[in-house]
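Both complexes shown next keep chain A, but they swap its partner, so chain B is in the first and chain C is in the second.
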Partner chain A sequence: MSPRLRRKLGEWLTAYVFLSPYLFVFGTFTVFAVGFAFYLSFTKYNLFSPPKWIGFANYTRLLQDEDFIKHALPNTLKYVAVVVPVQTVISLIVAFALDQEIKFRRLFRTLFYVPSVTSSVVISLIFMWMFNKVGAVNSLLKMLGLPSHIDWLNNIHTALPTIMAVNIWSTIGTMMIIFLAALQDIPVTYYEAAMIDGANRFQIFRYITVPLLRPVIFFVVTMGLIGCFQVFDQIYVMTAGGPLGSTLTIAYLIYKNAFQSTTPRMGYASAMAFVLAVMIFVATMLQRRIIETEPYE
Partner chain B sequence: MSERKFLTLVTLLILASLLATACATPTPQVVKETVVVTKEVPVEVTKMVTKVVTKEVEKVVTKEVEKPRIEVRLSGWTASPEEENLLRASLYEFSLQNPDIIVKYEPITADYWPKIKTMVASGTEPDIYYMDIFQFPFFAQQEVLLPLDDFMSKSGVKKEDFIESLINAFTYNGKVYGIPKDFNTLALFYNKKMFDEAGLDYPTDDWTWDDLKAAAKALSKPEENIYGFGVPPDAGRFPIFVFQNGGRIMTEDFSDTMLDSPEAIEAAEFYTSFRKEGIGAIPSDVGVDWQGTGFGQGSLAMVLEGGWLVPYLKNQFPDVEFDAVTPPAGPKGEGNLVFTVAYVISKNCKNPEAAWKVIEYLTGLENQTKVLHSGFALPTRKALLDDPYLKENTVAAAIFRGAEFATPFMWGLYGSDVNEEMRKALERIYLEDVSPEEAMKDAAKKLREIFKGG
Partner chain C sequence: MAVAARRLPRYREEVIWWDRIKIPLFYAVLIGWTIVCITPFWLSLVYSLMPKEHVFDMPPKLWPHPFSLDNYRVVVTTFELFPRWLLNSTLIAVVVTIVRTIFCAMGGYAFARLRFPGRNLLFILMLASMMIPPQVTLVPNYLIIAKVFHLLDNLLAVILPGITTAFGVFMMTQFYKSIPVELEEAALIDGANRFQIFFRIILPISRAALITLALFTFQGSWNEFMWPLIVLQTPENFTLPLGLKWFQSEYYTLYSIVLAGSLFNSLPIIIIFFVFQRYFIRSIAVTGLKGV
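Moving on to the complex of A and B:
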């Protein structure tokens, strides 16, 4: 063995010794758990009796399940399609505004970030009160002379948009912080050059800020996509998937089948979880194509 | 780093380590010290001195070994702190009478069923746990519970000691798997003041559907958001109207649903007609999550609820004057739901005899009397039917009388799906204006698919 190879081997060994605690945890609770769930997705498993192999039956059942096809799938897609772009754009605008020399900048930054450090359950409860039939939102509408008898969370047309609004409001803080950090990384020289060339505020934002933020936008959109595809806690607290499945999402349907059924359907829930994972993977790949089309600079 | 800084750092480090060791000293334990050996050690003697013998005493510290105590784990959900305290008090009583058994009470505060089911799956479930009648069919069919018949006959506990419908509910294939600890049925709660203001007579046990409707009409003031009767899309309320109409939710063997039978469809028509006519409301109509709150704040004059409403009203709405009677009778007579919870023993239990002793105590006459007087739930022992408490307490008495015509709240292995589809059918009638017939037929169709898929 050449000394170089030996040294390399030594380094390699040291690295793995240091990594081993993490690798052990990762292997047990992620790799093994995911692999086992993949196996379960081909079985019928009620927790108490050993899993029974049934092939692709869970996946074919999914295609015929009204709850999945008519409610969970379209609701999840709608949710992602609205929440991800809106929260990204709003947080980018807020970050840009708070990057300017304005009064009370720090106060505003803190205020916008507060929802991110608040428990989502608490936020959901507060919004439940606000969107109650006799709650703050309807009172406000009444003062403005608008229709005020909307039962926001118990109406099949308004329940999902209400939950979307809650989520957008509570996540823009985190994304704003990420954008803010990235904005401060953009060298001032670019802005100065653009100003000398006579670019206006909007042009600077459109042609300098946004392109330079592209990697960060990619990160924010990816995190947003994953979070939105897996939306669960707000649904669990605010509507439990109702009324009439209008807020039923895939993640909540997984939970229902696995843990709320009198006879648990672990295999079926696992199959659904894998379909969701594939959807997230495809969506992330697609948006990467879109955002990273042309290299900048 | 300057010398001074370095010294400060060292001092700080020493201080920190001292503190750490100080904190690390274990809390002093009470240990009995016994002198076991006394050794005589001869000491070397010099020429000058006469022989000296020192006695050295060697201390041997031993822990006094106690007689091994049997540990039994007990889990249940907690409906309220008061109810938890009541159980803790009972367990303390038990420990005084049975010093050789330690009951470790491990309450599960949220998501009880997912927790218990995963514990059973991994073999770590408690020895004794609460079993709701709604969940019982699955646990019994999967054979994860211990049959109790032998223990019962050994200690002279008879099936006949308990209310028949309750102990029968926890019997599977001829064997008893759970001893019911308490039960509840639905009663028609009414707000006395609202009845007085409307100049109506209070409801009685003899009321029929027509009486209910007439009263609801007289009590409703939709413009003030006040309604006569609560009709939530709730699978824990609606079925009694099916029973009162001579129908069933499931077939006798729970293999098929009867939600699309004419009796059930008619019941759905009647139940949902209240809201359609503006004399009944669902909780969200009056801005609440639960109709108990609606009743308390005076938005609903009558609601069908169980005994759990009483402590809630006492805490949250102490000024409400209310009473309760059994639910009204339908075209085919009386009908009610009974909600009951039992203690069961896990099949993995290492000391079933000790576990049985705990159950025997908790469901025994002495403890059941205490439960009754606490007002949380009704006891399951027949002997308590004549207890004076029931005569003084009209609400408890109404809930108790309801048991006579009650069906257990249990729809078989896929109960949660039955509940869900029943709720959805009612929601569709309310929110999408679907006809009761179509909604109930769709629900039955969906359920048959689920039963087939498992």
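Moving on to the complex of A and C:
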């Protein structure tokens, strides 16, 4: 063997040794797992007897499943439609305020990020206490002379909005920091040039800041979409999908079918997970087109 | 000159009213949001320092009165499962953080510096895998852990799938692509092999990137909920988030103890964040922009 070939083979071997831990995890818990899940989604499998092939029955069953059609699907869509725009807009406003000549900027930034490092379970537990019927939120409303006997998490009209609010509150920190970094990257000369041309502040914001932020907005909205479609922790801790299915989401329904039922429906849960994955993918592509094709006057 | 003179009044007028309200307005936004961010944490701290029968004393108190450390005493001494959860969480988070940081650095180095067949394909597959929602692999991974590795209800079930992540390898790849190769080339000429180069030269100079990845990993692992919920089953083996939820549903009347216990989960991560915040902030900004 020529020394050159030996060196080359040595490099291949080294590379695969370096990559072996990743390849083990990737091969087992991603590649094999996705293939296995895909197979399971065409079977009936309850852990006690071997998987039984049933074709597309799991997918067609989704359309007749009241929990899915009447609760999980609309709740998830509602959740995404409210949380994603609200968290994006508030974090953009906060980042914009932080980007001004403000004192204590670092302190503000640090404090705003604290909700984002705290675990979803702890946040959910704290908010369950605050949104209790006799908790701090109702007490505050009472002081303001507003209706104050709302049982936030046990009322079918308020439970989902409460969870939305908690999630908006806890994700803004991360998004704000991404926006702030992007805002600080915009060269001052652009603003100066626009000002000399007589553009007013709002025109500058609309025609310089927003277009230059577009790729970052795309990134933040994608992150938001992915997170919102998968919302699980807060639902599990705060309401377990109740009351009357008013906070049931797709991710929670997957868990319920696979792990909480006395006869686990592993195949059905897998089929639902693939539908969720397709929904996330389509939503991401759609928003990419919307953000990119917005006219660039 | 004439043009400037014609434009100036309009421009100035607009500047005057906006500049007058601008700074107060932004301070109002920032202070308002600070209150919204901090109040829940402050209230839970205050009420955790009061006797348990006062947990729904309203209107909200901003200072613990009557003061009591009872809740913390119960958490640490009377309720013997609690120290166990703290230990389990710490164990998992520390092991996952150390192992994942090293393995991801190794993988990233291979993708960034070595030539081998299948490199581009693997890299693309890795990027694509980040798009797969965890719900898809939830069921099969549960079955793999239960039936192949027989690790159900074992802390290793949480650790094993977490020893590397696509995100970590990707982040380290980008980092190694950004540093110059001259250092390694000199060592190669001196006859060092790739392993020596990696452990003696590369790892020490990637300190900043390693700390960033380690912090992210620790935060994620410490706060993780869904996967441990599925693979850990007896309360003795719970992590802190699982334990807190379990405790709250078993003893929902003892809410101030839940609040005290929650602090054991949130305080360490908040302290770590305050100490290392420049790493957190920079990495979020960098990964955010790199992800575009």
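Here, the second predicted complex is superposed on the first by the 270 of 297 C-alpha atoms of A that agree within 3 Å, B and C clash if a C-alpha of one lies under 4 Å from a C-alpha of the other, contacts with A are read in each partner's own complex, and residues count from 1 in each chain.
Keep this in mind: contacts are C-beta pairs under 8 Å (C-beta built on N, C-alpha and C of every residue); 3 or more make two chains touch, one makes a residue touch a chain.
As the structure is a computational prediction, the values presented were derived from the model and not from experiment.
Applying the stated contact rule after C-alpha superposition, one finds that A:A269 touches chain C and leaves chain B untouched. Shared-chain residue A:L244: touches chain B; no touch with chain C. In the superposed pair of complexes, A:V117 makes contact with chain C only, with no contact to chain B. By the touch criterion defined above, A:F259 reaches both chain B and chain C.
In the superposed model, A:I226 lies in contact with chain C only, and not with chain B.
With both structures placed on the common chain, the touch criterion links A:A277 to chain C but leaves chain B unconnected.
Here chain B and chain C are compared by how many residues of chain A each touches, and C touches more. With both structures placed on the common chain, the touch criterion links A:N46 to chain B but leaves chain C unconnected.
When the shared chain is aligned, chain B and chain C each come close enough to touch A:G135. Chain A residues in contact with chain B (one complex) as well as with chain C (other complex) are 132, 134-135, 259. Of all residues in chain A, those touching chain B in their complex are 44, 46-49, 61, 64, 66, 132-135, 151, 153-156, 242-245, 259-265.
The touching residues of chain B, counted against chain A in their complex, run 111, 113-114, 117-118, 120-121, 134-135, 137-138, 142, 144, 225, 282, 284-287, 412-417, 424, 427-428, 431-432, 446, 449, 453-454. On the side of chain C, the complex with chain A involves touching residues 7, 10-11, 14, 18, 22-23, 26-27, 29-30, 33-34, 36-38, 40-41, 43-44, 47, 55-56, 58-60, 103-104, 106-107, 109-111, 114-117, 119, 122, 125-126, 129, 131-144, 161, 163-166, 169, 193-195, 198, 219, 222-223, 225-226, 229-230, 241-242, 244-245, 248, 255, 258-259, 262, 265-266, 269-270, 273-274, 277, 280-281, 284-285, 288-289, 291-292.
Put simply, chain A touches chain C in their complex at residues 8, 11-12, 14-16, 18-19, 21-23, 25-26, 28-34, 36-37, 40, 93-94, 97-98, 100-102, 108-115, 117-123, 125-130, 132, 134-136, 138-140, 142-143, 169, 173-174, 177-178, 180-182, 185, 195, 198, 200-201, 215-216, 218-220, 226, 229-230, 232-233, 236-237, 250-251, 254-255, 258-259, 266, 269-270, 272-274, 276-277, 280-281.
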